[in-house]
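Structure below; questions to follow.
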Amino acid sequence: MAVTTELVEAAYQALATGERTEIERYWAEDMRWLVPGNHQLAGWWEGLDGFFSFMEQVGKLSGGSFVMTRSAILLSDGFSADISHNVGSRSAAREGSTSPYDRLEIDVVHVLRWRDDKVVEGRGAIFGDGTTRFNQFWSQLAADATRV
Amino acid sequence: MAVTTELVEAAYQALATGERTEIERYWAEDMRWLVPGNHQLAGWWEGLDGFFSFMEQVGKLSGGSFVMTRSAILLSDGFSADISHNVGSRSAAREGSTSPYDRLEIDVVHVLRWRDDKVVEGRGAIFGDGTTRFNQFWSQLAADATRV
Amino acid sequence: MAVTTELVEAAYQALATGERTEIERYWAEDMRWLVPGNHQLAGWWEGLDGFFSFMEQVGKLSGGSFVMTRSAILLSDGFSADISHNVGSRSAAREGSTSPYDRLEIDVVHVLRWRDDKVVEGRGAIFGDGTTRFNQFWSQLAADATRV
Amino acid sequence: MAVTTELVEAAYQALATGERTEIERYWAEDMRWLVPGNHQLAGWWEGLDGFFSFMEQVGKLSGGSFVMTRSAILLSDGFSADISHNVGSRSAAREGSTSPYDRLEIDVVHVLRWRDDKVVEGRGAIFGDGTTRFNQFWSQLAADATRV
């Protein structure tokens, strides 16, 4: 069965519910996810459990502020790609701070590989110099090099 | 008219010829191209002339060694994305060097926006920690910090 | 009392013993240490306990392979600076790997602030593009983006 | 003859005059200077002419806004180190911008090697995560990835 934009949207909406049974309908137990850059969340997260650990960390470090706005979904046989504008703040951010260690705004693409209508692999990548800022945002450092 | 995998392939093959009249059939005069990372080739190259300047620099700095191997093409209304494995060496590389300042091997995605069967915008993005190595590869520095 | 090269050498030799009572003779209980770059060990480590945690992490991640070779000690009223060539391998390194995610070789300077013949603050800084390689070396990523 | 703080101060004051005959009294014709990081100004600048080219670029890209405030000078036989707080703005900065691509504030150390009362080698290094911001500041990119 072909991947459709509806299926991709449904998979992301399932994720947003945070409910495992809902999520398992679209994301395979043996899936893996590659976070771009070089920082505490970067690299391959293995299995649906690993993916949950990653999302839990994102939620904790960003105080649930992370928002992804999708603008396009592309398809091919067995693959999808979604283009997204992502915005977030660190939980530890100082009020009103514009520092890249506190605030993030990047344009990204996620490439998903599908098998039997479920995602088995996802890889993110960032446009422009957003990877530098992604590394700053997820840093174990505040702007003043305090470890947070 | 919808973007097709054949059209995307034809656009890249036209590029490979290096012939402007051939390239102009698929790439719009007012196109722009965003190179990821933070290095001498990074950022927005404006216009087909800017894109040619970029490619000329890539050819010169890599001694024509840069090879892109496409593994998938994804489509949507007005967009395409191609996934590619890219390999290259710096012209100034020392024989047999495995330094990231000399040799590059990364997985990337290019997202193209189309208008009237021509590319009007292209943006590259890199998977994993490839952006760090892309910054090293296109650096104005050799591995020993000599300016090259 | 003025800081001397003998005092600086003695402080580092005390560190090398790993014995707390010996170390406390030269390093103040309220000292802090700033590790350069953006990676899991970067930033301010607070207190002698924090400094011990840092050194413990260095030992664990590098399998005790980290070697610092001092070439000069500079002094002023209340400050010292030592120039060092540092080499190490990650515990998780593949045999014979030359990847910057596995092997490190950098030139650094440590600037120490002294009070009553004890170090109260230390800050490291790296010459050339060594900070990029320091970030790769202490990365939570192996060269293939596996999380380690 | 030993290097003194007065000599180090005089060498930097000579630099500030911008007058070559004055500068040649303290900086050797065959000197070299290592700029830290990975950006268009990074790496070894060879000879007094190379050092002048570097300073000219700094002046041009920062509109003469670059200010170094020295807080300490350390000495040893044949070496000096000066600790400095550096602040600057890019010429192309947008009014009021706090972006690291527009504004710089870092703490650095310069280590100078002396011969016959003249500097023959200088190397800069940056504390904390300042190297990331130094790379952004000297980037060929504005905050929106426009090439500048």
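Letters are used for the chains, namely A, B, C and D, taken in the order the chains are written, and counting of residues starts over at 1 for each.
The working rule: a residue touches a chain if its C-beta (ideal position, glycine included) is under 8 Å from a C-beta of that chain, and two chains touch if they have at least 3 such contacts.
Nothing here was measured: the structure is a model prediction, and the numbers come from that model.
**Student:** Taking contacts as defined above, which has more of them, B-C or A-C?
**Tutor:** Answer to which pair has more contacts is A-C.
**Student:** Select the chain at the greatest separation from chain C, using centres from the mean of Cα atoms.
**Tutor:** If we average the C-alpha coordinates per chain, B ends up farthest from chain C.
**Student:** Counting in whole Å, what is the centre-to-centre distance of chain B and chain C, each centre being its mean C-alpha position?
**Tutor:** Once rounded, the distance between the two centres reads 39 Å.
**Student:** Please work out the Cα centroid separation of chain A and chain B, and write it as a whole number of Å.
**Tutor:** 25
**Student:** Report the inter-centroid distance (CA atoms only) between chain A and chain C in whole Å.
**Tutor:** 34
**Student:** At which residue positions does chain C touch at least two other chains?
**Tutor:** 34, 38, 42-43, 127-129, 132, 135-136, 139, 141, 145
**Student:** Can you tell me which positions in chain B touch chain C when the two form their complex?
**Tutor:** 98-100, 127-129, 132, 135-136, 139, 141, 144-145
**Student:** For a test of understanding, state which residues of chain C touch chain D in their complex under the given definition.
**Tutor:** Interface residues on the chain C side: 5, 34, 36-38, 42-43, 72-76, 79-81, 83, 107-109, 111, 123-132.
**Student:** Looking at the complex, which residues from chain D come into contact with chain B?
**Tutor:** 34, 38-40, 42-45, 135-136, 139-141, 145-147
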